[in-house]
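After this come two complexes, each holding chain A, first together with chain B and then together with chain C.
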Partner chain A sequence: MKPREQYMESLRQLKNEIMKMGILVEEALSKAMKALTELDSDLAESVITEDMMINRMEIEIEDRSIALIATEQPVAGDLRHVITGMRIVTQLERMGDHAVHIAKSTLRFECKAFKKPLIDISKMAELCISMHREVLSAFMDEDEIRARNLVDLDDEVDSLHEKVQRDMFTGMVEDESFLSQALQLTYISRYLERFADHITNISEWIIYGKTGNHVDLNG
Partner chain B sequence: MNKAQLRRYIGYFIIIAISVTIISINAATLFRRETYNRTISILDRNNLVARNLLTRGDFDSLDEYFNSIAVEDVRITIIRSDGVVVADSQTDIGQLDNHADRPEILSALNGVPGRSKRYSNSLGEELLYVALPIIDIGEKSYVIRSSMSVADIDKALGDVLGRIIFTGIVTFLALSILSYLSERRFIAPLADIQKAAEAFSGGNLDHYLSVPGPEDIKVVADALNEMAGTLKSRLADITKGKNELDAVISSMMEAVVVLDMSLNIRHLNLSALNIIGSDITNVLGKALIEIFRSSDLQILAEKTLKSQIPIEKIINLNTDRNLILQVHGTCILPTDDKSTGNAVVLVMNDITQTQMLENMRRDFVANVSHELKTPITNVKGYLETLAEGVMNDPETTERFLAVSIRNADRLNAILDDLLSLSRLEQHDGEGLEFENHALDGIAGNAFQSCAPKAAEKNITLRLEGQKDLTARLNMLLIEQALTNLIDNAVKYSDKDAVVTVCISKNGEMAEISVRDDGIGIPDKDRPRIFERFYRVDKARSRELGGTGLGLAIVKHIIIVHRGSIRVDSELGKGSTFTLSIPLN
Partner chain C sequence: MGIAKNDIVLEIKNLNFYYGELQALININLEIKRNTITSIIGPSGCGKSTMLRCINRMNELIDDTRTEGEIFYDGRNIFDSDVDPVKLRRKIGMVFQQPNPFPKNIFDNVAYGPKMYGTRNRQKLREIVEISLKKAALWDEVKDRLLDKSLSLSGGQQQRLCIARTLAVEPDIILMDEPASSLDPIATMRIEQLLREVTDDYTIIIVTNNMQQASRISEYTAFINAKERRSGFLVEYGRTQDLFIKPQMKQTEDYISGRFG
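For the complex of A and B:
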């Protein structure tokens, strides 16, 4: 194999690893949300233990990226792709942590039924998951236009987060017994909003990897 | 003429030129030596004649001889041992200087025949000299020397050399033309062979190579033709085998995905494409993880590749359809050294349906026992307490009996529902009376049954649409279906809400929809709400007093009417159940 081909193959493998980590994060969020809606503490526990794997992958991918930079000494666009990958991995690790936070909140509910069905929070989670799938596709295809389009969905998540917060505060005022549940749900809404923010951060890195320009999509 | 040919020709020319030159030079040298040798021997003979005449003292004959040889351009000189010229056949001896320092004379004076070729001052031209060793005549010693002009010899040599060069050039040209012709005779068939080989490698094995040329090249052409024939039949065999295999794989119900060493998709069949829901061009060569997006599947493939042991696992694929797949991973080892390495074959069996039925069955058994057991346990518990002596307290007795009756009623309701369900299933519409009825009348009856419950929550029941529409139906069953739907709508609506029944006509079908603004039904539960005893929110619906069979009954009523039922729902916004039954 020619050196260039070998380098491209290494880069491809690196991308596949990042993709795998992304999928693990997506699955973590799906599981955390399922555990939340069904108040399934076993599933919530499994999300917390499986986060170890995501954390391990972050280190592995970073090590591989550094080894790639050291041995192949990529320049310009090639170097940018490796750096982009490392940045995205950091974001993914944080997103995995948010899934864990949601799972931990679920455990704090102690299997008490919800006062109201989780409509807006479920919607936020669905949005987050579809954004996440889209951003992973954009990453694999190096499609900066699709990455940029995710901003609209992020705005939707943000406005849902505001709505949930308002609803929870009014709920708390009306019914004091609802206080601790409402507080946890506010946190969860916050985690989901952060999750979506990390997705837009990934979008920014995808755009940087493709064009070399830094953009601020969260502004 | 291409570059290779040109180079070859230049090589030929150089070889021919070198050969011709070497032969010519050799011939010229040989000829020159022979000519000189002959001249020297002529001069030697002249010297001997002159010596004979001199020793005999026959000076008259010598003089005559001198005159005779002058015609032949030969000059004879007789030199005394001290170098003084005593006689010369051409020049007056008085003009000649001492010859003792001449190289040929010096050598003759030492008793050795002398030879020399040099410029003669006396004659003013280049001469060849030959001298006999010194001889004694009387008391004096003499050296006899003959000489001849080289110009004549050189002229003759020049003539011959010219002829040799001419012959060389002619030979060179002739050989060049011959080699060119013979080369062309070999090259032309080679070009044909090249074209044929190109055609073969391009896949055109029907190309026939015919070469008119030399016998040995014809043999090569025949071998090539034979090779093409063999290749063609072998290729046909392989193609046939491959087509069969492809047909088998693509007609398989199981999804088959072949991966290379880096777990990129190398091949997959139609069923696999159906699972992904994508086009083959978007999939080939891409990574497994990118296409299937399942970490479980990726890990299974990685394990299969590493351990080279077949692995089987049930995997939930989180696509839009939430498939459950039984995946079987096998590692193919390389068949020979040249192949690119191991590959993984994943065979996936879609067991979503089976798994769903299994879940339904399990849930049904669990639910039915729970539903039946709860009221009986209650009744039994209260009656036992009464039997143990609480009966003496009339107030408690009354309360306990009331609870027991309520539970018995509940049990009764469940059994009634189960019975009507089984009747509906058994008859499958046969033996039921179907008549034309106005739908608004039926809706009105249903409203009446639900009015008390609606009034409790101050819910308005509203009828809309084409009120005079009639359809052929069993009035009691449709009324029951509508009652169940409206009852549900009232149950899951907030206070002061509105439940709307709308009658409309859609082609050959009458449509009756029941719309509420209640809590709605989550997407994942929607396909299952018509199952017996299935409850979206278990605690809540039991609290609201359902039997868990209402929607199952509605579904079966619609089935016996050969109609269909549809649910549109959004969480928090409300649900709409639409019944469609044929007008006739």
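For the complex of A and C:
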């Protein structure tokens, strides 16, 4: 038998659980965006109820990590990866919350259609989802280079967010009936921008896990 | 390594050690910082005990051994012909794995060294015994029974008595070879606590098989690995925190993570 086989297996399982949680978060955002663009309140409701699952996973993964630290006393790379995992699930949980916020905003729309198609917001969501997939596979492969490269996409999300804010503001000034719609869309843009920030936070933790160095990618 | 020259109390340079044909230590280089605890970790048989015994020249008492290289203490190579090994061992004391008190009473165990080095005054001896037992965190437990046989003490108390006995001759450096490995967790904790408390006055080099213990108590850690399970070489030496969170060498990472064998 290889030394510490059980322990290595626990580390692998922990990583798999984090991946599963990550996939749930991706589904939550995809659904929330579909519910928004199609103004589908049933789908929006389901995003809100399914978030409980994400919250539960955060606690479960944290408990397992703590138990692993207490019983196996990981050190060096193993320790950094367990800590990284705990930080990542905190980020994922908040990202799930942003999907919920988008779903709740959707429920607040009283209109039957948008004044203009949601081009920039959809683009932001697409970027968020591909960033999210990339960060999860960087986590899986412990690839700090790919994690680091995500800042470029985050910059794109940031500038789209600024553009949406400007457009909505001009829209509100031009047409007062657009006010409440524009406000909700501004919030949604803000949630997406935050979602992407959490992804770069995850990137920072992946880099820490691999190298032991703290970096600031949002600075 | 980042230790200022005047903070170095002991400098081991190109140390090779042989038991007959067997080379037990291969070119060890290590600088020990004054008033700190340095842990030596490594698989069994890698030469940790051998290295400690080089530092106070105890290996010379073993037949058919050979030492190469230098160990500087107080600016002098301890292997120089004019260094008196008995005097050296007073300055560099040693505590062993198995508590080995003399079959005498508690007082005499601690007073033994000072007497041997010439302290005759009873009052002075009593002071030394009290101070040493206090430093070894044993005084409160034995102050009313100083004339009891040392073997009436528990294992943990016996080990602290041995530490008191070592402290009584006012050493500079204390070498400890797995001093807590035969003790229960509470006795171990007491020893660890007392080691932390005495580093204002002493430099401690401790061999331990318990990596949590190394990471808990020491400021620096040296990892020695064994070639063919019997010839030790230094793999990595640095601040304990760095070594346990961010080791530089894969061998170190594998060893401390339990991925060896």
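Keep in mind that, in the parts below, the second predicted complex is superposed on the first by the 215 of 219 C-alpha atoms of A that agree within 3 Å, B and C clash if a C-alpha of one lies under 4 Å from a C-alpha of the other, contacts with A are read in each partner's own complex, and residues count from 1 in each chain.
Quick note on the criterion: contacts are C-beta pairs under 8 Å (C-beta built on N, C-alpha and C of every residue); 3 or more make two chains touch, one makes a residue touch a chain.
Please read all numbers here as calculations on a predicted model, not as lab measurements.
**Q** Just checking: does A:212 make contact with chain B only, chain C only, both, or neither of them? Give me first, second, both or neither.
**A** second
**Q** Check whether chain B or chain C contacts more residues of chain A in the superposed model.
**A** Result: the larger residue contact count on chain A belongs to B.
**Q** Is A:79 touching anything from chain B or chain C once the two structures are fitted on A? First, second, both or neither.
**A** A:79: touches chain C, not chain B.
**Q** Contact-wise, after the overlay, does A:4 reach chain B, chain C, both or neither (first, second, both, neither)?
**A** A:4 contacts chain C only, not chain B.
**Q** If you stack the two complexes on chain A, which partner ends up touching A:133: first (chain B), second (chain C), both, or neither?
**A** first
**Q** What residues of chain A sit close enough to touch chain C in their complex?
**A** Residue list for chain A touching chain C: 3-4, 7, 73-80, 212.
**Q** Could you list, by residue number, the parts of chain A that touch chain B in their complex?
**A** Chain A residues touching chain B: 9, 12-13, 15-16, 19-20, 23-24, 26-27, 30, 113, 117, 119-120, 122-123, 133, 136, 140.
**Q** Per the contact definition, I'd like the list of chain C residues that touch chain A in the complex.
**A** Against chain A, the touching part of chain C is residues 211-212, 215, 244-247, 252-253, 256-261.
**Q** Report the residues of chain B in contact with chain A in the complex, numbered from low to high.
**A** 262-263, 286-287, 289-290, 293-295, 298, 318, 519-520, 522, 537, 539-540, 571-572
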